[in-house]
Amino acid sequence: MRLQLMTWMEVEAHLNGNRGIIIPIGSTEQHGPNGLFGTDAICPEVIADRAAETLGCIVGPTISIGMAQHHLAFPGSIALRPSTLMAVVRDSVLSLARNGFERFYFLNGHGGNIATVSAAFSEIYAEKSLAVGPNQPHVRCKLANWFAFPAVKEISKELYGDRDGSHATASEISVTQYAYPEHIKKVDMDPAPPRPRPFYDAEDYRLIHPDGRIGADSFLATPEAGARLVEASAAGVVEDYRSFMAEA
Amino acid sequence: MRLQLMTWMEVEAHLNGNRGIIIPIGSTEQHGPNGLFGTDAICPEVIADRAAETLGCIVGPTISIGMAQHHLAFPGSIALRPSTLMAVVRDSVLSLARNGFERFYFLNGHGGNIATVSAAFSEIYAEKSLAVGPNQPHVRCKLANWFAFPAVKEISKELYGDRDGSHATASEISVTQYAYPEHIKKVDMDPAPPRPRPFYDAEDYRLIHPDGRIGADSFLATPEAGARLVEASAAGVVEDYRSFMAEA
Amino acid sequence: MRLQLMTWMEVEAHLNGNRGIIIPIGSTEQHGPNGLFGTDAICPEVIADRAAETLGCIVGPTISIGMAQHHLAFPGSIALRPSTLMAVVRDSVLSLARNGFERFYFLNGHGGNIATVSAAFSEIYAEKSLAVGPNQPHVRCKLANWFAFPAVKEISKELYGDRDGSHATASEISVTQYAYPEHIKKVDMDPAPPRPRPFYDAEDYRLIHPDGRIGADSFLATPEAGARLVEASAAGVVEDYRSFMAEA
Amino acid sequence: MRLQLMTWMEVEAHLNGNRGIIIPIGSTEQHGPNGLFGTDAICPEVIADRAAETLGCIVGPTISIGMAQHHLAFPGSIALRPSTLMAVVRDSVLSLARNGFERFYFLNGHGGNIATVSAAFSEIYAEKSLAVGPNQPHVRCKLANWFAFPAVKEISKELYGDRDGSHATASEISVTQYAYPEHIKKVDMDPAPPRPRPFYDAEDYRLIHPDGRIGADSFLATPEAGARLVEASAAGVVEDYRSFMAEA
Amino acid sequence: MRLQLMTWMEVEAHLNGNRGIIIPIGSTEQHGPNGLFGTDAICPEVIADRAAETLGCIVGPTISIGMAQHHLAFPGSIALRPSTLMAVVRDSVLSLARNGFERFYFLNGHGGNIATVSAAFSEIYAEKSLAVGPNQPHVRCKLANWFAFPAVKEISKELYGDRDGSHATASEISVTQYAYPEHIKKVDMDPAPPRPRPFYDAEDYRLIHPDGRIGADSFLATPEAGARLVEASAAGVVEDYRSFMAEA
Amino acid sequence: MRLQLMTWMEVEAHLNGNRGIIIPIGSTEQHGPNGLFGTDAICPEVIADRAAETLGCIVGPTISIGMAQHHLAFPGSIALRPSTLMAVVRDSVLSLARNGFERFYFLNGHGGNIATVSAAFSEIYAEKSLAVGPNQPHVRCKLANWFAFPAVKEISKELYGDRDGSHATASEISVTQYAYPEHIKKVDMDPAPPRPRPFYDAEDYRLIHPDGRIGADSFLATPEAGARLVEASAAGVVEDYRSFMAEA
């Protein structure tokens, strides 16, 4: 169930015994010649929906802008500074915690978010850890990446091997093609060269990755691969979420 | 065109002569017994899409969490503090401005956002106004409320008169019923009492508006009304956006 | 009674049964060829003093610098960023609330403050709304513009019609001439042209409003008009403040 | 000349060859049984006006709320957190610097402001010192305390000796009695006991200084003493300001 | 060479052709019954010194307080909020960058710092990536963990296997015993139980790890093991730093 | 005892009846031709260690980077903005206070820190002073400068008179020569000229103090003088700390 499509009375009823929520988090950033800006938001959103069908849990509104400073030399990319994204995560968690949500499962689609979202969790905990009194709620936050479940990695490897790459991957583009088949882009491109070295700021990124991809043969994407990946990732989420909820 | 469904090369091409963008902005907050949490985000999103068909312009990702502190006593509501939302608006605008976007048309669905988003615009301008040098980009931001175009107000008045109310209005719920007909909620409720006085913080709001509505007979909503409202509002956006782009 | 001219024991005594305070808030910004920098602070200060004579209430120290980024291309103008002004309002309210003040009536003289001060109120409420516990005080804040009471608008219209304008208005300059007759400036100027379009940042403002006025024939100001306006506005404040204090 | 009573054209003309400004800064805080809340703002304001007559310089709007956390256990006291006051000082200085002001002479009336205002100056400088480029203006800020000029100290000593104290001093109350003779308060009080130890937070302050004074026999204040002190302090300001402006 | 023991003229001379610096970063937090609070700062400091002997590079002052909110239920632990640590890293990097340092190699001793320091790097880059102009310096930052070099991991595994644990590890305590042999603590303790589940805030951490260790048989530490680990880690740093400096 | 070399159980035991801690705070900044970057951190660290031997108290980790914006035109200098240093001091104090530390004695080595650290104390107090409830701990913070004890000043005067100067003083360099005899730098330099005027930002500082010293004949430093100064300052700390702990 998407929170956005529920009423507050439905949420109130659901909170009896269900203290968890899945929050998809992504980015709005270039994904190479044939990848969509919304790729990193679309993937976890689609997978969260699928997992929630099984879990019967609530899926919060997708945080669709993330920490993507390195993509800012490509027009259309949007980035929150880490400090801004941390404030968004904090306010969202504390809002929901105020009325009884206790466990927050962020399903992430963007590698660039990982450090910042982890720091955001620590910022939330730190407010409580620094305080002597009992005023702040006791929350638990977890970040999972849709692309990191073993079964997902196996499919990516089987289908694309090294050619999957690390940005604008054939895998993630497949998922968006599955989700939005009417928006599949046909673009000619060469196989991507290997990553020469790490990137730093936006100018630097574009210098070494001029068309936006990192080592990814994005043109290998297919909606059929997307369907398999969504299924596998949703199964991973189901198991991982259940284990998070079952923690003592 | 939704930015999320475009590639960066498409955006780059589009930027030749098109420096504007529409950004829907809403909230995730209770909307009474039969209103959806996502009402304020769904409305401007649907209307922006419709207007963009005519305008041929880009629609950015919806900012779906807003300044909704007053709804926080209802479970499921999410609020960004004004300072957080201001940072989100600032980073989004500066990200896009970096690569050539110049005019930002925020289409808003939530009254509670108006002051904060206006303050956010001033915060962006202030960075530039306080500086002597020419480092910051020259941007223009405008906020329009989907429900405030004269033609929209007329329809609301014709259909609901005073019973439209000011939160969880029959009008906004109609738009969501039109957009998500499979999520129309059937809930019994009485006509809403008149607003006794202004509300202040979240506890205070729930005290005087116990089921979340403010003077709204939300049960009068129909998807047919929604269709009319979307059409009228989109027409208002088309005209208003064109005039914003045409400014000297 | 001006707080600045009272002792703490007088305030303590007054707080028995009087939980309200009026806080004038203005700006320090250019007001065209014959308008004073302090116009927006002087007007609410004078009017608050007059109203307080009737109300027997306390008038806090005037916040004389406001959100005036758009005037910064004129030498002498001072602006607080929205985030700074929000911190000032927050700290002031919480300081007074700590010892028993509960209702804060900000009497405003500057249109540019409205959004930011409203956002500041929400920032204060949000600290409480986001918290589960009962630690923060329960305060109510209200913003009223001295120039917006119906009786004030009628006088402005009667005296100046459309020529009153929207910045450096004949009305506000009249009030300062009444308050500081020894500082009436005689300056030749033409009738102001109509406002061509909205302004954005400071550079933009000066570009389209080169002498600082917006559509205002400021030379029409007279101290006699000022006297009438002060009287009318003070009467508006008295009624509005009483109704604010009487709220359940 | 008070900036608040000037027009922007007058300021523009004045800036030819005069790059300095005096900004009075005070506090709104309890000053014992017979001292006014505004004492610390009134004193530098009156003295700045007097000095400016001789200097022919501009006096900016008084910053009348300061860093007074330690007085917050007395009703009516208002405090800005240090971080808030720093933002106010920064924005004010940069606003004026944008159009040509270069030397900022803060005339202070409140010991509690000294550290914070000094830190604010460093925060302003640090923005420039950390940057490689030449974007920020080159400003110089100075803080002077009206009560610290040798001639002022001599008068205080001559008149009150040790009984002047360190808060709600007979000297500062004298200045306010001179400035506002109609607001002289007649209150019985005992000689103040000596200061037992330093104070820390607000609760602690009130615990050891229950009527608000620190070692001050405030009842010794007279308007005649105030007149002498104002004269002496203004002379100190004139000399000190001239030397600040004359710096290479 | 430790920066703290150099003069500025030595640094200026060194900067000719050497644009890198190593900055040790640790924490001040409980390390179980026999571990020192300074463990996470001491380890990278000792190893950086050793590596710098070979590299001939500068070692900046150790950042000895880190992001350790989860240890705050143990007396003596000190934590910076993520936002604070990010500001420290930013200011330090920009300070050094202002005068020519370009590549910053942070040698880290505390797992809890990783996300926050990575977010800090992004915050630095984001300032530049969001800006159009060329005002900010072009810097590169890298974080390496002293305990993560393959040769280090092999020694840990060889010596302690699974009993090394993940906090207050036998390995890190060995390094401190090597560095401070006069401060080896003899404390009786049982083998550590396995980690039951992830920890969240400080209270939660102490609940599930009552003596502070996580799965670590810290009593196995020896100064001899420390010597080996320092040697291996320093060799790893030498190679890694050289490769960072050699990047195009 | 250095906290960094203790275990948490030792701290817990110590806290029975000992609620104080000494925290050395310095800077990393140029100290002229023969002074070490670490001078301001080394001095209070060495003196705190010596005093703690007598006092039997805990010495926290040295805050070795301070507010040194004015030194940033010399390569190698590092500065925290005042707002950053305030956050560091706040988080450190609140971390220790959470578990029972109550009195914080900062031993300072850098004049540039004084205002900022004092403001930081007020920021800590203000959080509590602004709050009605009892949630924040009741702490007391004190700042003492190692060089300001009367006995220290006498030695400096006896040895160096006016030639001690005010930055890169012969006295402070003597202390570092005593502490690090193997790092005594032999550099030719002329007697320092007198200070022409106050400095402002970093560029300005270097302009008027081109080799970094302010009025200091730093070449007069000797390790023997350092030994005497350490002894005298440590004795001052012992007495001052005891009196701070003895406060009611």
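For reference, chains read A, B, C, D, E and F in written order, and residue numbers begin at 1 within each chain.
We adopt the following convention: a contact is a pair of C-beta atoms (placed from the backbone, for glycine too) under 8 Å apart; a residue touches a chain by one contact, two chains touch by 3 or more.
Note that the coordinates shown come from a computational prediction; the quantities given were computed from them, not determined experimentally.
Asks: Count how many hops through touching chains it takes, at the least, to reach chain F starting from chain E.
Replies: Contact-graph shortest path, chain E to chain F, evaluates to 1.
Asks: Look at the interfaces D-F and C-F and say which one is made up of more C-beta pairs in contact.
Replies: If we tally the C-beta pairs in contact for D-F and C-F, the bigger total goes to D-F.
Asks: Same or different, please, for the chain B to chain E contact, judged on whether over half of the interface numbers appear on both copies.
Replies: Homomeric contact, different residues on each side for the most part.
Asks: Would you kindly say which chain has the C-alpha centre located farthest from the C-alpha centre of chain F?
Replies: B
Asks: Taking each chain's centre as the mean of its CA atoms, how far is chain A from chain B in angstrom?
Replies: Distance between chain centres, rounded to whole Å: 24 Å.
Asks: Using mean CA coordinates as chain centres, what's the gap between chain A and chain C in Å?
Replies: It comes to 46 Å between the two C-alpha centres.
Asks: So which bits of chain B are touching at least two other chains?
Replies: Residue numbers touching two or more other chains: 72-73, 79, 81, 83, 91, 95, 98, 129-130, 135.
Asks: Let me make sure I understand the interfaces: which chain pairs count as touching?
Replies: A-B, A-C, A-E, A-F, B-C, B-D, B-E, C-D, C-F, D-E, D-F, E-F
Asks: Taking the touch rule as given, give the residues of chain F at its contact with chain E in the complex, in rising order.
Replies: 2-9, 11-12, 15, 28, 30-38, 41-42, 58, 60-65, 72-81, 83-84, 87-88, 90-92, 95-96, 98-101, 180, 183, 185, 187, 212
Asks: Can you check the complex and tell me which residues of chain B touch chain D?
Replies: Answer in residue numbers: 129-133, 135.
Asks: Spell out the residues on chain E that touch chain A in their complex, using ranges where they run on.
Replies: The contact residues of chain E facing chain A are 67, 69-70, 72-73, 79, 81-83, 86, 112, 114-116, 118-120, 122-123, 125-130, 138-142, 196-198, 200-204, 247-248.
Asks: Touching residues of chain C toward chain F in the complex: what are they?
Replies: Contact set of chain C toward chain F: 91, 94-95, 97-98, 134-137.
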